[in-house]
Amino acid sequence: MDTREEKASRMFGCSDNERALFEAGIKMGTVYHQFVGTPVDRTNVKALEKAMEASIKVQPFVESVKIKIILDEKERSDTYDYVSLTGDMIDAMVKIRVNRASVTAEMRYDEELGYPLMYVSEVSL
Amino acid sequence: MDTREEKASRMFGCSDNERALFEAGIKMGTVYHQFVGTPVDRTNVKALEKAMEASIKVQPFVESVKIKIILDEKERSDTYDYVSLTGDMIDAMVKIRVNRASVTAEMRYDEELGYPLMYVSEVSL
Amino acid sequence: MDTREEKASRMFGCSDNERALFEAGIKMGTVYHQFVGTPVDRTNVKALEKAMEASIKVQPFVESVKIKIILDEKERSDTYDYVSLTGDMIDAMVKIRVNRASVTAEMRYDEELGYPLMYVSEVSL
Amino acid sequence: MDTREEKASRMFGCSDNERALFEAGIKMGTVYHQFVGTPVDRTNVKALEKAMEASIKVQPFVESVKIKIILDEKERSDTYDYVSLTGDMIDAMVKIRVNRASVTAEMRYDEELGYPLMYVSEVSL
């Protein structure tokens, strides 16, 4: 009897390498769209980074993940002095492995682009 | 010069007690709609509960918050064996204080209703 | 046999008026935390406003809801020229009715506070 | 002077084809993690599908997108009779184009896997 992974991989019309790229994209979309909007200040930034990393690791084919939230860590002056997480604050790195194919993707705000770019930094087979 | 809280409270056409009820609702909506969809299994459930609690505490007027995710904590059998957080899995309690008014709200799946009910369990002035 | 609403209302330790305030808060939390992060430019802003309104109306006790997204509606200059919805862009009004109690809540970026304030603008019984 | 796309593409350590696969994954992650949790019944299902499609189209490199929400469209019996969108209800197809490379990805609940599988259905160069 086939495993679920054997069944799933038959759905893919592409190589392990190509699949790893697709999976890397999924994880980047998850990091961004699941967590943007979360209230954050310096009291919870570490807990949030850790929960984001741990939830991405739960998804299939994640070898490692590193999340850093870029936060202006000044003292809060009043009850309204916190922010909602935006994409521009996220610095992320995810390494995907599908069999022998490996892909590293990163996301970070690019000053020159004025955009939180998600990109593939390494592909190896 | 007025503080931001003095300015904000002038926007409210209601008492501290009424405002505490409104704030309690906001927090419940945040717990649900920010985090539902997050990948979860037994490896990250504690980190996720902690991050949810800490992010709610960042919002204004939260005195205390307790989140429990109800998860079937069996061993994972394969890479697809995890779930996305649903409202039915969330057991939450938030205590709000606005000056001397205090409100406790809770959310939990109600078997009889077949619905993850958010409700006000205590109002005190 | 009791209806679900009869069962649910017994969970509440407060009046209809107080419950309407709590429900108004839930809806505001939903508007913000479900939709912040959504990609938006002038091509989809109306569809997004409409979908936000319609999804809030699905929730219990909503009499009416109005959402306006404040968007700089300039022409896109390239593929990166769009934004993710933030709380500061949302102008929302929700009217809740629980039996004879009615509450109107609003959310909008307050320049003086530098904060997207959610507040109760009207309570009537 | 370089365009933003020229700057962005230099960040990628891979071909157009590989980049299209990564972009397809991002869109699938967005569909899922931005919108799961949204309240839905038959009154708003069309508006939600349309808003999901339109917001994905705003993202870079999307040639076409089709979203179908699988909903049990029975009459509502009471105020609690609606659901929150889950991944299992989403049937999505996204076609990405990066220069001459084109990738089609799909997501749909797979009965045999018991999992809402995102997969690459076509790669063409």
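By letter and in written order, the chains are A, B, C and D; residue numbering begins at 1 in each of them.
By definition in this document, a contact is a pair of C-beta atoms (placed from the backbone, for glycine too) under 8 Å apart; a residue touches a chain by one contact, two chains touch by 3 or more.
Keep in mind that what you see is a predicted model, and the values were worked out from it rather than measured.
K.L.:
Applying the document's contact definition, name the chain pair with more C-beta pairs in contact, A-B or A-D.
P.N.:
A-D
K.L.:
So which chain is farthest from subunit B, going by the mean of the CA atoms in each chain?
P.N.:
D
K.L.:
Once you find the CA centre of subunit A and the CA centre of subunit D, what distance in Å lies between them?
P.N.:
Chain centres of subunit A and subunit D, defined by C-alpha means, are spaced 17 Å apart.
K.L.:
Just the number, please: Cα centre separation of subunit A and subunit C in whole Å.
P.N.:
28
K.L.:
Counting only Cα atoms for the centres, state how far subunit A is from subunit B in Å.
P.N.:
24
K.L.:
Residues touching two or more other chains, restricted to subunit D: which are they?
P.N.:
4, 8, 30, 32-34, 37, 80, 113-115
K.L.:
Using the touch definition up top, name the residues of subunit C that touch subunit B in the complex.
P.N.:
4, 7-8, 11-14, 17-19, 21-30, 32-34, 103, 105, 110, 112-115, 117-123
K.L.:
Which part of subunit A faces subunit C closely enough to touch in the complex?
P.N.:
32-33, 36-37, 80, 84, 86-87, 113-115
K.L.:
Can you tell me which positions in subunit B touch subunit A when the two form their complex?
P.N.:
3-5, 8, 30, 34-35, 37-41, 43-44, 47-48, 50-52, 54-61, 78-80, 82
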